[in-house]
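Each of the two complexes below includes subunit A, the first together with subunit B, the second together with subunit C.
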Partner chain A sequence: MAEPSVIDVANLRKAWADVEAVNGLTLQVPAGSIFGFLGRNGAGKTTTIKVLLGMVRPSGGTARVFELPADAPASSVEIRRRTGFVSEEKDLIDYMTVGEIVRFTAAFYPRWRRDLEEKYLRAFELPSDRKVKLLSRGMRTKLALLLALCRGAELLVLDEPTSGLDPAMTEEVLQALVAHAAGEGMTVFFSSHQIAEVDQIADRVAIIERGRTVVCGALDDLRERYRRVQLVFDGDAPAASFRAPGIVRVRRRGRVLTVLSSSGADAILDEARALAPVATDVVPVTLKEIFLETIAAEE
Partner chain B sequence: MLWHKAWVETRWRALVGLGVLLCSAGGAVLLYPQLMKLVPNAPPADAGSIIARQIREAADLMRDYRGYVFAQWFRQPQLWTIMAAILGTGGLLTQGAALFTLSMPVSRERLIGVRALVGLVELLALAIIPTLLLPLLSPVVGESYPLGDALVHALCMFVAGTVFFSLAFLLSTAFADVWRPLLLTLAAAVALVSIELLLRRTGAHGVFGVMSGDSYFRTGRLPWLGLFASAAASAAMLWLAALSISRRDF
Partner chain C sequence: MLFRPNPSSGVPIYLQLMEQVKHAIETGALRPGEQLPGIRPLAEELVINPNTVAKAYRELEHEGVIELRHGAGAFVADSARPKKITDRLRAAQTVVAAAVERLRERGVNDEEIRRLFEAELAGLSKTKAGGHRG
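What follows is the complex of A and B.
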């Protein structure tokens, strides 16, 4: 039986004036997963997140969260009731103190977790009486995360949660996130252009480019399926084309023909025999390589 | 909490406005003896310039204390219009935490509705409290002013003031700063007052005539048509503001 999807996006489109920010994006986020939403700056990650939370109306396609349509005002309120959100800018109400914004936010959530509030106020060393506008960027991120984690939400949506943080703070935030998600059994959907952090905490990933999903799946499965096949020839490598499924990119450089496949190496090796390479090599690829090669292939 | 947030975000404007209007109302009453001494120096009725004619007209109104209060307080809409416009500015686009606010499980209609209602209540307080100062302070200058008259005029001020409040509120859903909505609203007010001055000879009354309660002062009758028209215009602009926010991409 298929896992139920917390987020289900199909052929989503959003155009701003003459720019297609999201252009036919499709993805499913299974319940309980930590889903990394990877893409370059301007790839359409933030716009997609805003559509999911009812902040932006889509131009076409469908976006459903908890099986509710994200573009219907009434269901959007229900989606937000069950979702914790941290925006990329970490925009909070600056004139309030930490204690005031915690009380303000708690008032909207009947399932507000007072125990977690106390735990994270201590763990993040957030001073209750300090004005939000006086917090450092790192403290601000921690506060935004606290406000999202304590809502008793089933889904956490985080837009570039670690942007602007130093490595130590990034690590602290990611560890808190993973520990919380594991402890509460919640679904986490977070966007990033930091491949290392996605690799570190995500179990599923989607890579988007120019508003379209170009890779989507379980991270372990991607690591299993993606292979780089290197064929070395006596002379210059031939300008070969392959019919094997899952060819992402073929590069020819001097005597070496490099093929990146998303469907393993066997079919490529079968085809490659006809080209008579003097040596073949099959190597697994990292998420960073998958990301870079896929993006390059899209260009 | 939304009510509290809307109050916190607008309270200084409301309190400063209240202070200014209280000073203005108190000053109008306390300056009565001095101003009455100047009345004999007013220009003659057939004076040529518009300003001279207006001074004469005000002097004629000030033949009694009720007329004096009307001329010096209710018929001076500038401060009140500015305060109404200032209270209408601000909101979701300018407060700098739009995404945080929009991530709450609250509809946009409710967000903007709460903001509008808090602003209208503040506007009502700004209309009533300084006006109540008139009957309270009048014995200090040896006069009296009917409480009922004060409340009727405050009602007229409030209802006509909502037009400028609502216009600024509507414009605040289009601009991400407070200055453009404020300046555009005040420009609209200047245009309206100019039109009203031009049409005064025909006996027609516009929003400023309604604001001053001119017909009530002269005939004892409320300007029902003007009040309804002002309320309808305000309601339409607030509805448009809600529509604008509900359809906006953030």
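What follows is the complex of A and C.
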């Protein structure tokens, strides 16, 4: 934990005219992690990524990548030199062929990895002589990913890498990311609104809503801490309030009182005993539920 | 495939992987001295985070279930350890059998028993993980 974060964002703000796109966002991405950046459409994911890459100036707070300030022009050049980026639109030069765009891009990067280039051209089955504009959506994503992976970058930033891909193609992209992270010891930061893929490959996650971080941490830690406690009563459930820390939500429905906790069930169970429920259930909470519940709790 | 964690079950993937390795040893699918898949190939095969596989292997080593040999990979521990697991489980099974028997006598049906066990485990796994860190 003594190792500095690759990305360190503190209380970041960005206002467009009268809209606060990012409004006090805080997160840390440790080296070597695969970090899932989760949020609904319009939650502020793309704006945050643009700040990290120096494409947008923040209105407040700090954003540092490799311990360099993202909003200073000189350090931003250094950040981009060491970072592979795939935008949501998968911007590519359409009039080139696959082979041409690979050679063209390689020319900009002294650390270009020919070995990986050959490996991914084969693995992704990308036809070298096909024009970029004639590629399918999945092929386009794979080509954009290849160009980012072969740069010899230390950090990969991906904005919605699998949007619009079918499940088989998504799995292929995720597999490439996992293999690459394991083989090259690279840090991956990817935004998504697909909870399943974050669940699958991320070891750390931030959930943002309306430009603010609502949950951030190691995924296994969240899975161990979040619990749903369900209390069933003889008559109508009492309108109880709990003092236990980490209460996310309390719901009463008929004879059932459901408590969602972000810090285990023990303290809640201790308090619940006084209410004399006839049955008590404690169940783990999935990332999907954490996502939906924390966002609902914000509203 | 020997291991198949479910990423969206809400249970930490490294814990699922640990259980599946132990189960494979108990059933004899993995034998003492046999090599486990490497961290990277397994992460790629299951399409899960390599740090998660590494964590599962570290914890399994800590429990004496496997040995991590430097540069060579992960191996099922020789000798007493895996057998101990079997013995321990056999002893545990009698406890569970007695508990289930008593619950059935009280008229609790099998589905209810299953849910009670799961609820109990969900509560316990948290305390256990807390202990590891401390």
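Just so it is clear, the second predicted complex is superposed on the first by the 297 of 299 C-alpha atoms of A that agree within 3 Å, B and C clash if a C-alpha of one lies under 4 Å from a C-alpha of the other, contacts with A are read in each partner's own complex, and residues count from 1 in each chain.
Simple rule for what comes next: a contact is a pair of C-beta atoms (placed from the backbone, for glycine too) under 8 Å apart; a residue touches a chain by one contact, two chains touch by 3 or more.
Remember, predicted model here, so these are calculated numbers, not experimental data.
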| item | value |
| --- | --- |
| Partner chain in contact with A:55 - subunit B first, subunit C second, else both or neither | first |
| Touched partner set for A:87, first subunit B, second subunit C, both or neither | first |
| Subunit B versus subunit C as contact partner of A:236, first or second or both or neither | neither |
| First, second, both or neither for A:287, with subunit B first and subunit C second | second |
| Which of subunit B and subunit C A:202 touches, first, second, both or neither | second |
| Touched partner set for A:175, first subunit B, second subunit C, both or neither | second |
| Of subunit B and subunit C, the chain that contacts the larger number of subunit A residues | C |
| First, second, both or neither for A:118, with subunit B first and subunit C second | neither |
| First, second, both or neither for A:67, with subunit B first and subunit C second | neither |
| Contacts of A:166 with subunit B and subunit C, given as first, second, both or neither | neither |
| Partner subunit A, residues of subunit B touching it in the complex | 1, 4-5, 8-9, 95-109, 246-247, 249-250 |
| Subunit C-facing residues of subunit A, complex | 32-34, 171, 174-175, 178-179, 181-183, 195-196, 199-203, 219-220, 223-227, 264-266, 269, 280-289 |
| Residues of subunit C touching subunit A in the complex | 7-15, 39-40, 43-44, 47-52, 55, 115, 118-120, 122-123, 125-127, 129-130 |
| Subunit A residues touching subunit B - in the complex, by the definition given at the top | 16, 50, 53-57, 73-74, 77-78, 80-81, 83, 85, 87, 89, 91-95, 103-105, 107-109 |
